[in-house]
Amino acid sequence: MEKQNRNRAGNAAQHRAGPAKALRSRSGPRATSPRRADAASPAPAVPGGAAATDDTFITALELEAAPLNPAMAAYFEKCREKLGFVPNVLRSYAFDMAKLEAFAAMYNDLMLAPSGLSKLEREMIAVAVSSHNRCYYCLVAHGAAVRQLSGDPVLGELMAMNYRAAKLSRRQRAMLDFAAKLTAEPWQVEEADREKLRKARFSDRDIWDIAAVAAFFNMTNRVASATDMRPNSFYHAQARTQ
Amino acid sequence: MEKQNRNRAGNAAQHRAGPAKALRSRSGPRATSPRRADAASPAPAVPGGAAATDDTFITALELEAAPLNPAMAAYFEKCREKLGFVPNVLRSYAFDMAKLEAFAAMYNDLMLAPSGLSKLEREMIAVAVSSHNRCYYCLVAHGAAVRQLSGDPVLGELMAMNYRAAKLSRRQRAMLDFAAKLTAEPWQVEEADREKLRKARFSDRDIWDIAAVAAFFNMTNRVASATDMRPNSFYHAQARTQ
Amino acid sequence: MEKQNRNRAGNAAQHRAGPAKALRSRSGPRATSPRRADAASPAPAVPGGAAATDDTFITALELEAAPLNPAMAAYFEKCREKLGFVPNVLRSYAFDMAKLEAFAAMYNDLMLAPSGLSKLEREMIAVAVSSHNRCYYCLVAHGAAVRQLSGDPVLGELMAMNYRAAKLSRRQRAMLDFAAKLTAEPWQVEEADREKLRKARFSDRDIWDIAAVAAFFNMTNRVASATDMRPNSFYHAQARTQ
Amino acid sequence: MEKQNRNRAGNAAQHRAGPAKALRSRSGPRATSPRRADAASPAPAVPGGAAATDDTFITALELEAAPLNPAMAAYFEKCREKLGFVPNVLRSYAFDMAKLEAFAAMYNDLMLAPSGLSKLEREMIAVAVSSHNRCYYCLVAHGAAVRQLSGDPVLGELMAMNYRAAKLSRRQRAMLDFAAKLTAEPWQVEEADREKLRKARFSDRDIWDIAAVAAFFNMTNRVASATDMRPNSFYHAQARTQ
Amino acid sequence: MEKQNRNRAGNAAQHRAGPAKALRSRSGPRATSPRRADAASPAPAVPGGAAATDDTFITALELEAAPLNPAMAAYFEKCREKLGFVPNVLRSYAFDMAKLEAFAAMYNDLMLAPSGLSKLEREMIAVAVSSHNRCYYCLVAHGAAVRQLSGDPVLGELMAMNYRAAKLSRRQRAMLDFAAKLTAEPWQVEEADREKLRKARFSDRDIWDIAAVAAFFNMTNRVASATDMRPNSFYHAQARTQ
Amino acid sequence: MEKQNRNRAGNAAQHRAGPAKALRSRSGPRATSPRRADAASPAPAVPGGAAATDDTFITALELEAAPLNPAMAAYFEKCREKLGFVPNVLRSYAFDMAKLEAFAAMYNDLMLAPSGLSKLEREMIAVAVSSHNRCYYCLVAHGAAVRQLSGDPVLGELMAMNYRAAKLSRRQRAMLDFAAKLTAEPWQVEEADREKLRKARFSDRDIWDIAAVAAFFNMTNRVASATDMRPNSFYHAQARTQ
């Protein structure tokens, strides 16, 4: 049994009410997992959205969802209200409340707290880093965020494919060049690199934030790749038109 | 004057009727090119599609479009009928009829002629190779083709982001692994690699076709990157839903 | 003034009692920073330990330490009791209590909470990852931890220099090979890699922990490199003999 | 039978007259292929040149040569007149006339049509690109072309081994640096790279040609490596003395 | 028997007096080699130093020590007098007097003969190169030499971990940048690189010496890695305090 | 004056008889060095061989040749007798007799002393390593040696271009794969790599020799690249026909 079930979570009702056991529900062996069939025979679209078919598989690891504590239950509820769903990355951490809370706290501080970087700029860093690391989960989820925040469906594609092809301000280009170098060759980052950011009018606090966001996605890209984390299917069609 | 105009072409009417001179029309200096403004202030969507605003810039090179010869005029017309537009890669070659004809002949043979590989499989190779090379033009144009041919909007994303994350048949995985190795380290490809394809039931003729398609996109990725080729904006929203 | 002071913190008394202003104290221009003089004329050893001379410089960024909130003041105090000093990474985050708390929560959960991996194994992953990324801060601080936890001064060197040269159990070698691949080429990690860990008797929960620790140090290596973070000098001589 | 014969073609008479079947003639199993024996026991030199022994093996793929159509028969005949032999790359494509014609058309346009680049310069690009990709076929065939066109046997060696060691004009060095970057990291090529070519007095049309030649050999290097294509033995001794 | 014994040498008395046979003494199969047990159960420290337990294993190759000729016997004796032990690299070459003498002659000339580079600078190059190549033997032995010669225990760590994090003079930084580029990408080294050294006031003879030392450690790193050479345990604790 | 002369040596008579001063003779500024003119206007071939024009430039460093001591004078004389010239690598070391003697001793022992590897096999390693490092000097000089020793002009090209394309015995392929890995990623070489050599029937002593030769050319490739060492022109046409 253990080897045939993977990290997954049930529907919202289960999340809110159920004990840990209720959260394990994928049936059948790996070989017939819905994921594996994707390319060959995509599941038919169902009323109410693709999420119904695609989102039952979250990671390749068998980790039983723990009961949500009140803070995290409220957080998940807030996700459902604002987004219509709970991002799979949160569900992947839900086997352990301490880990989930630590991840959520760091994520929310980095991406949403006041900063000299706009939310869009932080998402642009997220996607450019994830592009270097070729992280499917993060490219899908944060590519959608760039499209959404910018109202520019092309900008999300440019960040995901090659940010160097985008026509950016000098400031944003300097920001992404720093993030890209920090991702690819952190051992080569030196004072000259920080000076380039300062010349593009970033403060030292901004430099911290650029570094911290780029570094964070170097972490989360690797958690996602290590566990074969799958994005909510909702993201794919999100904000595709201006 | 010469340095201020880039490779571009006018509307369909101009293509059909006009002399070469009429095809040069971008006004103003580089610094105010429409491309550069994309991220900061995306052009407003217009009735009839994004193509109207985005497609006036094709490459970074000043190459005056030559008059289309009858065969190429007919080919462009056929593109308009079938696709609704002429792919920018063809317009980028239109400064020289011999080059345009050679490119079109090779492209059409490789991607459309009978083969043991389906058209979708050939497009999957195109996108996986372009992903390695991070070619914006080819990822946009051929990512759309994978979505279109497969009816699976997610498959296009998987090919563009990291084909290793896709759930593929053994045959298709072997095909893409060969194409990826041939792209990244052609000097390491040996008999053992060909044997893996044969074991996945590819014939020697199929191996040629896998190699030829992967090799062709290693060429066209580089022409696109060298010239900053821009995809028709039409592609972005194409086939995004099942 | 702003450009001449770098991220730093005063002594313990200041941390406990003082307002933010009191925490900024490095005087003089960059060119005469104590760091720059290290190689040429190392500061004379003083009774009571190297920390006295070396630890006034923490990062290359000018970030004013914020007043510690009660929880973080208690945490710093606990560090002083247990270690004799506050690790510089914590002081580098101390310009913002939300960031400091999020970092501390994630760090402590990953490295100290119950896990199928021993604390030593988690530190071995930390150092092997930091070796790939050539992160000076993390190699010094966590190399010392490996020496300390293992009682084996050579093991810390092996992890920092090339874990492949260490004579490890099959389990530990598999663990570090996974962490190294996840660090170098996260896009190549697949089910076969997870299966190797399962064959080495790691549970799926253990795999999460290996991935999460390796991923975390890929983050913190980059924060350290981006900011030129300097380790407390105390670490250098720690646990050098059996 | 199929697995024991490889892509090959008979002598000129067969090419001109014979049906497809006649073109398949390699006997014996792979293990005793003449190629495999090369290093251990090189075939004895025969009067009239090495081509007689070496050129019966063309690629590792079993692809039956198709009857040459009149245009291609004339083309092969012209090769024999001018070169004394048909280059193996053409024979490797001869299983399909559409592919052979498309390849020949593109090759001849790129390498022989009027251009701001001399034929020697185009061959220098070919060899520098093939050196990066370590393509045996192309290094042998186009290295000979550089020797032949330049009358400088050393220049061919320099292009094949490391063009950076050659003493070149600023123009030629800029041309090869662009080609090398486009080969190794096409995703990094940007306006600044094109500007370097313009400063070395290349026109935008010249830039297209540099890009197109470099891109073409990135294609043909990969077709050759994927199929283990073997150069005509004639090339080895060609133009070795001034 | 042959496969169970590895390159090793007995104690000093054996070296001085014994015939070749006497020098082969490791007993027991590979699986229980003392090396393999290091991490799991470090040998207890013994009075007189770690060398007693750790230094019986030198390389992974079975090479019988040859009788030392008078010159080499004198050299080994001198090592014992000055260092307290014979460096394992010398013992690893002691299976053949011609090889040992050639190695010792080149090593001593490069590292000890008069040069515009100080002995410390030559050791800094040795460690920076060995860090790129992640050579355990050389990092341990020459890291100790940097600590010893500089009287700065931190400098040895910086060279071994990432020389770019060290605060160096412009001269020393230029020297190490040249050595690092020559190590990582020798094919890219050109006149411009030599000019940088000349601008940092190195003479052409100094450039030779920088190149020769960097090149030598690129050799010896590979001999050590190829043979799993193990450093004398003495080095680990050497010069750890100022 | 010093900056305008490069490492060079006069004719044999000067070597034998002359003081150091007599050996410095290149006149004129760098910009008009004979090397720089090579590609543009190759010197006319002269009766008696290309060496007469090409061999006056040896390296880019100004190092005055020292008087040859008797042993080295005899060695140079022997070179002239056997080869017809003194290899430039020896002349490049001739500014210092200790360095020249150490280099010659190590080279001769490695390449000419009795070994389980044939002289041809040692030269094959030399060229395969030099190909990875793209060392012009070593590819020219040792490529010629492979052609000479094997009597197979193609084998030299294969080693220089891509040894993987050569049809080799299992033994020789294993030998070159080990040398190539040791060159590219010495930190990854482990017991499993040595076992592959043992399975190909190499003794531990043979493994030492493979490692030592590969390592030596990793040294000498870098001395050559660092100094822009130029091969004697004699090599280019040597042994080009069977």
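Per-chain numbering from 1; labels A, B, C, D, E and F assigned in written order.
Keep in mind that, in the parts below, contacts are C-beta pairs under 8 Å (C-beta built on N, C-alpha and C of every residue); 3 or more make two chains touch, one makes a residue touch a chain.
These numbers were taken from a predicted model, which means no experiment stands behind them.
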Least step count from chain C to chain D, where 1 means the two chains touch: 2
Chain whose mean Cα position lies farthest from chain C: D
Numbering shared by both copies at the chain F-chain D contact, with half separating same from different: same
Reference interface A-C: repeating pair among C-E, B-D or D-F with over half of contacts shared: B-D
Computed distance of Cα centres, chain F from chain C, in Å: 46
Contacts with two or more other chains, residues of chain D listed in rising order: 134-135, 162, 187, 190, 228
Graph class of chain-chain contacts, one of line, ring, star, complete, other: other
Chain pairs that touch, as defined at the top of this document: A-B, A-C, A-D, A-E, B-C, B-D, B-F, C-E, C-F, D-E, D-F, E-F
In the complex, chain C residues that touch chain E: 33, 35-40, 42, 44-45, 50, 54, 131, 134-136, 139-140, 150-155, 157-158, 160-162, 165-169, 172, 228, 233, 236-237, 240-242
Of chain A, residues touching chain C in the complex: 2, 7, 60-63, 95, 98-99, 101-103, 105-106, 109, 113, 133-135, 178, 182-183, 186-187, 189-191, 194, 204-205, 207-208, 210-212, 214-216, 218-223, 225-228
Residues of chain A that touch chain D when the two form their complex: 162, 164
Chain B partner contacts - residues on chain C that touch it in the complex: 187-188, 190
